[in-house]
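Same chain, two partners: chain A is paired with chain B first, then with chain C.
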Partner chain A sequence: MKRFVAIGALAAAVIALHLLFAAAGAEYLLVQLTMAAYYALVVIGLCLLMGYAGQISLGHAAFFALGGYTAAVLSTNSFTQLMGAPALERLVHWGLVTAGTDAYGAAAHQVPVWLSLPLAVAAAAAVALVIGIPVLKLKGHYLAMATLGFGTILYRIFLGTRLFGEADGISSVRPCALLPGLTIGGDTALRTQNYYFAWALVLLAMVLSLNIVSSRAGRALRSIHGSEEAAAAMGVNTARYKLYVFILSAVFAAVGGFFMTHFNGGIGPAEAGIMKSVRYVAIVAVGGMANLWGSLLIGVLLNFLSLRGIFGSYDDAVFGALLVFIMALAPDGILRREFLHRIMRVRIRWPFSK
Partner chain B sequence: MLRIRNLESGYGSLRVLKGISLHVNSGEIVTIIGANGAGKTTLLETIAGVVAASSGEILFDGRDLVTLSPERIVAAGCSLVPEGRQVFAPMTVRENLVLGAYIRSGREGKAAVAEDIDAIHRHFPILKERDGQLAGTLSGGEQQMLAIGRALMARPRLIMLDEPSMGLAPIIVRGIFEIIGRLRAEGNTILLVEQNAMASLGIADRGYVMETGQIVLEGTARELMENHDVQRAYLGKEYRSIGEGRG
Partner chain C sequence: MQYLLSGITTGSIYAIVAIGFNIIYNTTGIINFAQGEFLMLGGMISISLCSVMPLPLAIALAVAVTAAVGYCIELLFVRWIHNPTVLRMVVMTIGISILIREIALHVWDEKVRSLPYFTGNEVTSVSILGARISPQILWVLGTCALIVVLLNLFYGRTLLGKAMRACSANRMAASLCGINAGRMVTVSFMLSAAIGALAGCVISPMTQTQYDCGTSLAIKGFTAAIFGGLGSSSGAVIAGLLIGVIEAVSISVLPLAYKDAVTLTLLLLILVVRPSGLFGSREAGALKEF
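Now for the complex of A and B:
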């Protein structure tokens, strides 16, 4: 029951922020909140993986980028030049490719969103499966290093492959019409609907994750975090659960990357970079590890500030410093009563003590 | 019920079990005693499937467990109470018990699990009092009761207990062994690994002595207790005569 109240409060906050920004004439802030929402999808998935199942991933940005690049490649590579007319007509006939125009108005054929989105999800799930089976046998530092290696590989692939636009990334990605009246794109006119769509996805991911966490599967995940051997002795299939939650978190990230790319109109290799992965890990740590609401809140706040450019060129340094700070002073996250209590007391005592 | 033949296992290139053979009959308490590093825990973990066997067979009601995964082994009716209790500290006592019924709860639903929790509460009234408390905040003895209760939630036909006396005060150990005795009286079959040979031989029907990965001695609990070597090595008797011999 508490869950639904919290979800309702989040929905209310989403609406309230919109109204507030609209009243203040600062609706442009919705753009960063929309992007923060897509990043939040990565954070929610990583929170399940790290906080609940206790498995770290230092390569999660790669899954976000994988979703994004799938969207970009499938919507910018015109099939008009790629294949002969008869083959193309057959694809059009089956609805696998639709005729349209590219960002410059030339005739082009693209993969429709009902196909490209599942393809992005499938790509992320497939990569997570292939990587996850060997890598999730590792623990602790070894798992961290292996996922770091995996993230580096995908980053270099995105950076070095012609298909992915090399260092430039892929730009001029077309907005995608999801439903009549709902188009994912960066147009000013589309701002409000994109904001609500992104946050609807976050709400959905939260409901799903909160349900998982408090279910039989969630107990199994938490037991793996506690002790893998004891979990196995309870009859929990630890290998399978770790793989499932790894795949689920990869899919969350890929969905975020997919829509972010259509919203932004492009994606670059930096989205797959190691510092991005470190940032997600830092957010989950600050949020309190096994704390979905904390991770979401911190994730949206920090990403919003970062996207607004508050941290300037020290963006990555801020997230690095956060990790050091959190690990040293508040390893359970900052949204804990003990920690808040401690800093409050320090602040009150400070001017009066030596 | 359980028959093990020539079981070998270990970690990587390290061979810990060097051909273990033993059996447990239905309704018995069988104890395995031995010093630190003899391979007792490895033996239980190999039976539970947490450590892979490299050769030999583990027949449980005629079914070979060697190739089965840990969860299949639990489902087959063979539960392990791991060494050092290993309760899930950040979860509540109740959640720990519900997790114990993990393999059943998918099929049988919440009502059946709740009924079993009531049964566990009758066994261990303290767990009822601690129902909503985090397992990590329980005392050692309470955690051991929780670990046993959690294993019982799977409705096992064979319960394997790994050093239930570890780190507990003698009076608490006595309580735990009384519980083990009661479990047997209710028809459970128990395989008990212990360093506390006195207590475990006192309650067991039969026993095996393990040394460096092998069974070196077996017999009824009484035979073992009266055995000269066992008395000297594990029961602390003749301590003085050894000292006098040296002097």
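Now for the complex of A and C:
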């Protein structure tokens, strides 16, 4: 019951923020909130993986970018030149490719969204599966370095491959019409519907994650976090659960990246960079590791501030400092009762008492 | 031959970074993700000092300052945390590395800098075994060899070195013998920072120094450390040279952009197939947590 109240409160907060910004004449803030929502999808997934299952991933930005690049490649690369006319016609006939125009108005064929979204999800899941099976056997430093290495490999591939636009990334991605009356794109007229769509996705991810966390699977994940040997001894298939949650979090990230790319109209290799991955880890750490609501709150807040450019050229420094101080002073996050208690105590006995 | 030599040169730097990882890992069990930043700091500080004082003095001062930075890191972030979880220390040292990098960015801006060549200039070359190489390569190789030899002497002959080894073997027993284990951790951080800074100085003329050059060095150094068996110095040297050569060869086959990807794929392969490393014994590996 508590869960429904919390979800309801989140939905109410989403609507309230919209009304607030609309009343203040600052609807442009919805754009950053929409983007923050897509980033929040990554954070929710990573929270499941890191906070609940206790498996660090320093390569999650790569999954976000993978989703984004799939969207970009499938919607900008024209199949007109790529294939002979007969093959193309057959694809069009099956509905796998639709005729349309590219960003410059020339005739082009693109993969429709009902196919490209599953492809993006499948790509992320497949990569997560292939990487996850061997890598999740590792622990501690080794896991951290392996995921960092994986993230960097994908980053280098995005950066160095023609298909992915090399250092420039892919721009002029077309908005995609998801449903009649719902188009994912950066147009001013589409702002409100995009905002609600993004947050609907976040709500969905939260409901799903909260259900997982308080189910048998969630308890299994937490037991893995506590002690893998003990969990295995109690009959938990640790390898399988770790893999599942890794794939799930990759899929969350890819979905976020997919819609973000259509919303922004492009994606660059920086989205896959180490700093992005570290940033997601920082957010989950500040939010309190095994705390979905905390991570969501911190994630939206920090990403919103960062996207507004509040931190200026100290953007990365802010996240680095957060990481260090949270890990040093409050490794369970700042939204914990113990931490707040400790702050109170520090303040009281600060000057003279021994 | 040319490829081999350039591979060995970069490889020797990776070996030094790997040794830096090992020094701290042996005494604390922490992988210091900020290791690469020590090289960057060493290079940057010596470049700044170089304009006001002779080169050897500038390098010596840079090494001393970086060692002081290592001391501060230990003092501020490591000393008072008892029984840290691995996850916590990984995240924290990553945070430290970001902080150092960002501070460097604001102190030295984004410009690529480099020290002057120690002897001669960009075009001087000596010819060895038919390959024409820059004398700086000899400086790099010589310094790395010197570091390895000195470290071996330090660990084998001096009381401090022996005490540090005792700590890495068994911290409790070492404390019981009257060794100040906490101080050994401090020394290991300073030593590791100093070695990193020295390596950062000698490669600066060739590879140049930028505020963010530490990350990729750290990743490759880590690859070398794992490859050679975490904690093993001689393994680190061999693995570092090997990785340098593999990388140099990969450039001649694949586009330059994929250079890092090749090394990292190697890292993943090693981690998956043989996490105890090339020279780490399986029995010792079985006792460790991977």
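Structure notes:
Please note the rule applied: the second predicted complex is superposed on the first by the 340 of 354 C-alpha atoms of A that agree within 3 Å, B and C clash if a C-alpha of one lies under 4 Å from a C-alpha of the other, contacts with A are read in each partner's own complex, and residues count from 1 in each chain.
Throughout what follows, a residue touches a chain if its C-beta (ideal position, glycine included) is under 8 Å from a C-beta of that chain, and two chains touch if they have at least 3 such contacts.
All values reported here derive from a predicted model rather than from experimental measurement.
Looking at the superposed arrangement, the partner reaching more residues of chain A, out of chain B and chain C, is C. Within the superposed three-chain model, A:Ala321 lies in touch with chain C and out of touch with chain B [touch as defined at top]. In the superposed pair of complexes, A:Gly235 makes contact with chain B only, with no contact to chain C.
By the document's definition of touching, neither partner reaches A:Ser172: not chain B, not chain C. After overlaying the two complexes on the shared chain, residue contacts for A:Ala285 are found with chain C alone; chain B is out of touch. By the touch criterion defined above, A:Gly226 lies against chain B but remains apart from chain C after alignment on the C-alpha atoms of chain A. In the superposition on chain A, A:Thr152 makes contact with chain C only, while chain B stays out of contact range. Per the touch definition, chain A reaches chain C in the complex via residues 50, 54, 56, 58, 134-135, 137-142, 144-146, 148-150, 152-153, 156-157, 159-161, 166, 274-275, 278, 281-282, 285, 313-314, 316-317, 319-324, 327-328, 331. Considering their complex, residues 45, 48-50, 69-71, 74-75, 79-82, 86-91, 95, 98-100, 102-103, 105-106, 150-151, 154 of chain B touch chain A. In the complex of the two chains, the chain A residues touching chain B come out as 216, 219-220, 222-223, 225-227, 229-238, 290.
Of all the residues in chain C, the ones that touch chain A in their complex are 31, 33, 77, 81, 85-92, 94-99, 101-103, 105-106, 215, 219, 222-223, 226, 255, 257-258, 260-261, 264-265, 267-268, 271-272, 275, 289-290.
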